[in-house]
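Every chain is named by a letter (A, B, C, D and E) in the order it is written, and numbering of its residues begins at 1.
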Amino acid sequence: MRDLFLSNCEKNFIQKIVSEGHRLDGRNYNESRKLNITFGSDYGSCIVTLGETKVLAQVTCEVVQPKQIRPNEGILYINVEISPMAAPQFEANRQTDLLVYMNRLLEKCYKDSKCIDLESLCIVVEEKVWSIRVDVKVINHDGNLVECASIATLSSLAHFKRPDITRSGDSVIIHTLSEKDPIPTVLFHYPVCSTFAIYNSDILLSDPNFLEESVCTSSTEEESNINGGLLVVGMNQYKEVCLLDLTGAAIYNTNIVHKAIMNAADKCKDIVDLVKKLIASDDNLRQKRVKINFSDIITTEHKMSLCKKDLNIKLKNYNVDNITKIDDSDEEMEKNCMEISKYDVVSAAIQHTAEMFSKKGGSKWIEISSDSDED
Amino acid sequence: MPLDYKRFNGPEDSISYKRFTEDYIKSYDQLYQELIDENGVRKDGRAVDEARKMFAINDVVTQAKGSAYIELKQTKVVCSVFDPREIPHQNEFSQLGQIYCEVKFAPFSCPRKRRPHAPEAEERALSVALRKALEPTVCRHLFPNFQIDVFVYILEHDGACLAVAINAAGLALASAAVPIYDIITACTIAVIDGKMIMDPTEAEEHLAIMSPETQTNHGLITMSTLSQLRQITDFRQIGSLDVDCVTKAMDLLQKQCMKIVPNIQRVLVSNVIKYHKERKKLEEEAREREEALNKKMEEWKLLLNAG
Amino acid sequence: MADVYKLIHPVKFCNDYLSRNIRPDGRSFKQPRSIKINVDSIKTAEASAVVKCGNTAVVCGIQLELSPPKAEEPNVGFLVTNVELPALCSSKLKPGPPSDQAQVVNNIVSDIVLNSKCVDLKDLCIVPDKLAWVLYCDIVCVDNDGSLVDGCIIALMASLKTLSLPKVSYDAETEEIKVDPKSRTKLEIHSFPIVTSFVVYRLNQSNIILADPTAYEEDICGGSGTNLIVCYNKGLFCGTQKFGGSNLSKDCQDDALKTAKERANIVENIIDVCIRNHKNSSINE
Amino acid sequence: MDVDESQLKDFKLKPMKCEFNVLSKSDGSAILSQGETVVIVSVNGPLDIKMQSQSIEKATLEVLCCSKGGKPCVADRYKENIIKQTCDAALLSNQYPRTGITITVQELEDCGGLLPCSLNCACLALINSGLAMRCVFAAVTCVVDEQGDIVLGPSKEQLDTARAVLNFVFDSRDKSLMTGFTEGSFSEDTYKEAMERCRVASDLVFAFYRDIVKQYSKIIA
Amino acid sequence: MADLLLSSTEKIFIVHGVQDDYRSDGRSNIDYRPMELETEVVSHASGSARLRLANTDVLVGVKTEIDTPKPDQPGLGKIEFFVDCSANATPEFEGRGGEQLANSISNMMQRAYQSSQAFELKQLCILEGKQCWKLYIDILILESGGNLYDAVSLAVKAALFNTRIPFVKAVLMDGGNVDLQLSDDPYDCKHLDVGCAPLLITLCKIGDKCVVDPSAEEESCSVISVVVGVTGNTKSYCSGKEIDSVKSLERKCSTIGMNGSGSLAPQTLQSAIMQGMVAAESLDEALGQALLRERQENVILKKHAYGFLK
């Protein structure tokens, strides 16, 4: 990967406006960019756009021999590719750290969280299973790739249908889509990642764009940046955490993780609902034999590329309502707690401490606290 | 094994049909009787200590700086040598020039199985052996920080392929005008049931490596020498041989290597003669043209003067 | 002297020749190089051919393997062609996995074989859904001096024409396979594609085509490899490819098609004669 | 933006739709649909590249073709080669010595005619990128169906059952053949006729290009 | 190989020392450096050994797996060597630096073990044509202080001596399937017969003479060395009554190879091979004794394991 340099001016400017409560594109701290999901003509293909970040995902399947240690389970394989299309600094067919990092995060989120019923993918034990392969291709990289890619992975997996099979004796017949209706994949839960950029170790920016991402992970000349970082939270629709990952400097404030999880819980549920809704409507359309195709995403929107409408710099509207809304995340958190889930997360009275307890008994108290306050 | 995305692949579980023929597996004795009869005459009519006839030419690959093709009956090997080039990806200065060797088998070169395209252990071992043999041969101090690429391609393998590869590489180096100390020659000997078998075929090599029931000597030796300097540049033995046997084989190999030298020399000399003749012819033609031109000039001058 | 001239002024050197209606190696524009073919010289392969077109030397060897057919197409065998460009055949290649150029040649050759339908893959099936032949056709270039695809196809066709398949008996009950290498049947070849390559050279505001170019001519004309590949198969064209180099005018195209057609007949003849000679000599032995 | 079908005389191409500047991070980008086949192309350049791949005479062109799912294969290299050689001939790359130009092609939908669509889209993306070009080019496909008739702008079914598929890429200046590639067998006359028909049809593609560029340039102005 | 930076005076000192049969560490040309050997150091492996030869440190683990035999050798098992030159050993092994050396060592070992007179692969057969044992021999070079070939071959032989493979009964079922029956008792194992397994002896040509067991410094003074693989004598590896029933076998060369960029005169090569045979004989006997003692201690005394702490 070619190195990309940020000027100190840029860095300082971004740092400054963020600390004053603004973002370059006029969003609030916990406001995401516009999310858009489009499905292609094949099952399991979709393009997800998050602001200007665009990711294409395609699920394919084939019959393979299962792994020896898991003879009755199908195989899920996730492959991320970042071509020079994403941004000029990427080179073709090169393994970059970012690529490995993304691959691993998605694997953690979808493979390790066991969201797919792998046993349902088995055809003949020890002989034939379905191998599901998710190809995630980054088309445009404008920050928050992980979130965008995870939504794409989830939508394509949920959208995907594999051909039906019939077993007769030893042989297995794979039916084409026209012969028999294909079968959707069973998902136990719908995990989604969301990214937060941490500024000054207490400001959380949800859905950071490329500039915000790069500034918070890079260090300025005067002060080596110890306060910034990227926090990825993977959660499913039941508000269970599937993944937590921090890059950049360590946080010395646990509160921020809680805050992030609170924010993520809500956001993830919304995203999952949206994905489910879109898939349902897509299914509906398909049943009515409406042709769905990626050509639908071609619009005239971008004609304005060089006019102000498309430039992502915006001044925030100074509305009295808006200003108060920024800081009331704590209230929102409490509202969230009312939702039904296996676990409830309650922010406790003492600052920097939260208790987490299970409804179904078992281990009662798990305390997460920062050491500084315990002392 | 990961699939090769840069080539067309056949089905994963295909097997050579020879596996299903009747005489796929033969016992040691069966093979032995097939290859050597009771009078000590080999299957192809050679005596035990008789080498195969060698066919060698150089400059077969026009795109290379120097090249050679050597054929020992069915063993066919092409070798090409390219101009010295700077050693890639190297950050330290190297006082001696380096020799990069690569030996590859054609996919169809072996009678027993199809060779995979990707380099495998045997090819790598042969490449190392070839480099070992050539390193003492080339005047490496003459091109510091440069490397010479020597590529060997085995089109058909019927025994003694390392020896042939070394011979071909020596010839190619010489025809590429790379400075060398001496002409390098190599040959192989197989020991089967205590018998010394010069220049074995693939079947004989296979038998020599196969372990007999008895505790007799068996094995394979390949040796490369610089005959004029009386030096051994590489010596490779496999199997199980006692010391006397090794010593005896060494003598035989040395003699055989000596025998090959004049053949290689003849090829090189005939090439020089050919080149020289061509050059002379060209010069002759050029002179004739010039004369004709001069004559015309004279005529013109005369005409001009007259006019 | 000529060598030095060629080295320091490669384009002008070529121009000087071509403007006098002759090519640097003494050929006329549409004159292909001479072809030498030798079949069945490699005994470790089931069928083989060595072809030299001028300096370009190509070796093709076919090996036979057995495999169950694909589940989707149970009555079809396999024909796997691969063109190998080892580092020794040209100074432009470096050792390692196949270069992009090698993959392009590989794809072109395989496309021609498929398009011409010279082997009916159904002929390669032995027992549907159980057993089929796999023909591994490996084409190795030993010396790459231009017009590689021509040589590859000639070598491939010559070896396919001499290929015979041993008899296979398959016991459906025990799934036992027996092969008798002595009784063989010839593989039927349904067509006879022959390829002629050209380069398009821009000379004084007009285009000329050079048939069967050398590596040097390919370089001069730009692009990678030859610019125009015409495959002619018994009265029909089966695949023309044009990429890189100068644009192709109508006249040049007509010329090229005509040349390709003529050459195809000649080459076809050469291959047939060569195979016949080989058969006769092997009978005499 | 669809090509008006009434404009076409006795032949028609598949409806085309295009959008520029789809990718914010690329120097030039375009998404093009031809019928149901959709391709997105990004162009980056002139870029700084490694010393080894630099050329002192012209820009080094690199083309990358990505299929939608699954693994890379040999056929991708072939497509890359065709796009590369065509773009190389169209670009005035000697204006950018010692630099690199990267063209990335991403398939979105393949309902036949992917490669011609990629070529057209690449041309549009190059126009969008503002790199100096010698000419623009248009790829046109036609098939010879089982009756031996020539059909322009074939559908997926027509492609699957066709006896031969012929693709041509024409230069905008004199409509001469820049690139061509075919599948299947055909006679010499068919070949020539198909080429002439495609040559005429290429006008439609060029008209479409002009139309698109006009629309965008109006807004910018 | 590990390139030490030695000045020319240092090199001359070493060369002259060798000439006078007195090496820089006080040994004569035919002496080995002190060795430490411990078996059964890796509890998860079927057999293991660690050998320390002065500064050279090698760890060998043997893993066993059931496999199908090669179709053209239905009655034989399989053995595979894998050498890993850890970057701990010397900074030069970092990345792919040690790959070439690792390849040549594993190649040499594979060749040395090829002949049935060196290692009987038949003892790994379970059911002819169907099932056999495959031995994976993983060799880890922990520290490189010269003479890797010898150290590796000694450690491998020790690890193989220490290897136990479980008794397995294989029964051919209907339809060609194989049913394997494994004994419930994990101690129901057999030892391998490794008496004749070969040892590699490196003879390093310094000046006009050849020395055994060269140190890293000595290796950098030499351009050529000969590696001789010599088969062992089963007799040295038997204890008690078994000794009488075993025939003493003649030692043979199982492989010979050359390392380094130089060349040799034929006479030098011959004498080097002879010298190697002599060295191998005493080395093999010493190894046999040490291994037998170790096995006995393991059984009777519940020996204290030193591991890597020592």
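What to note about this one:
Rule of thumb we're sticking to: a residue touches a chain if its C-beta (ideal position, glycine included) is under 8 Å from a C-beta of that chain, and two chains touch if they have at least 3 such contacts.
This structure is a prediction, so every number in the text was calculated from the model and none was measured.
Each step here moves to a touching chain, and the least such steps from chain B to chain D number 1.
Touching chain A and chain D together: C.
Under the contact definition stated at the top, no chain borders both chain A and chain E. Chain centre most remote from that of chain E: D (centre = mean of CA atoms).
The chain pair sharing the most C-beta contacts is B-C.
Each chain gets a centre from the mean of its Cα atoms; for chain D and chain E, those two points are 62 Å apart.
Spacing of chain B relative to chain C, judged by their CA centroids, is 27 angstrom. Mean C-alpha position of chain A lies 59 Å from that of chain B. Each of the following residues of chain D touches two or more other chains: 74, 77. Shown for chain B are the residues in touch with two or more other chains, namely 6-8.
Contacts with at least two other chains are made by no residue of chain A.
Contact between chains, as defined at the top, is found for A-C, A-D, B-C, B-D, B-E, C-D. Taken in their complex, chain D has these residues touching chain C: 74-75, 77-78, 80-82, 85-86, 88-89, 171, 174, 176-188, 191.
Contact residues of chain B toward chain D in the complex are 3, 5-8.
Taken together, the chain B residues at the contact with chain C in this complex read 4, 6-11, 13-18, 20-22, 60-65, 67, 74, 76, 78-80, 82-83, 100, 102, 104, 106-111, 114, 117-118, 149, 151-153, 155-158. Interface residues of chain C, counted against chain A in their complex, comprise 71-72, 129. Chain D makes touch with chain A in their complex at residues 1, 17-27, 31, 33, 36, 38, 40, 42, 44, 47-48, 62, 64, 66, 68-70, 102, 104, 106, 108-109, 111, 215-216, 219-220.
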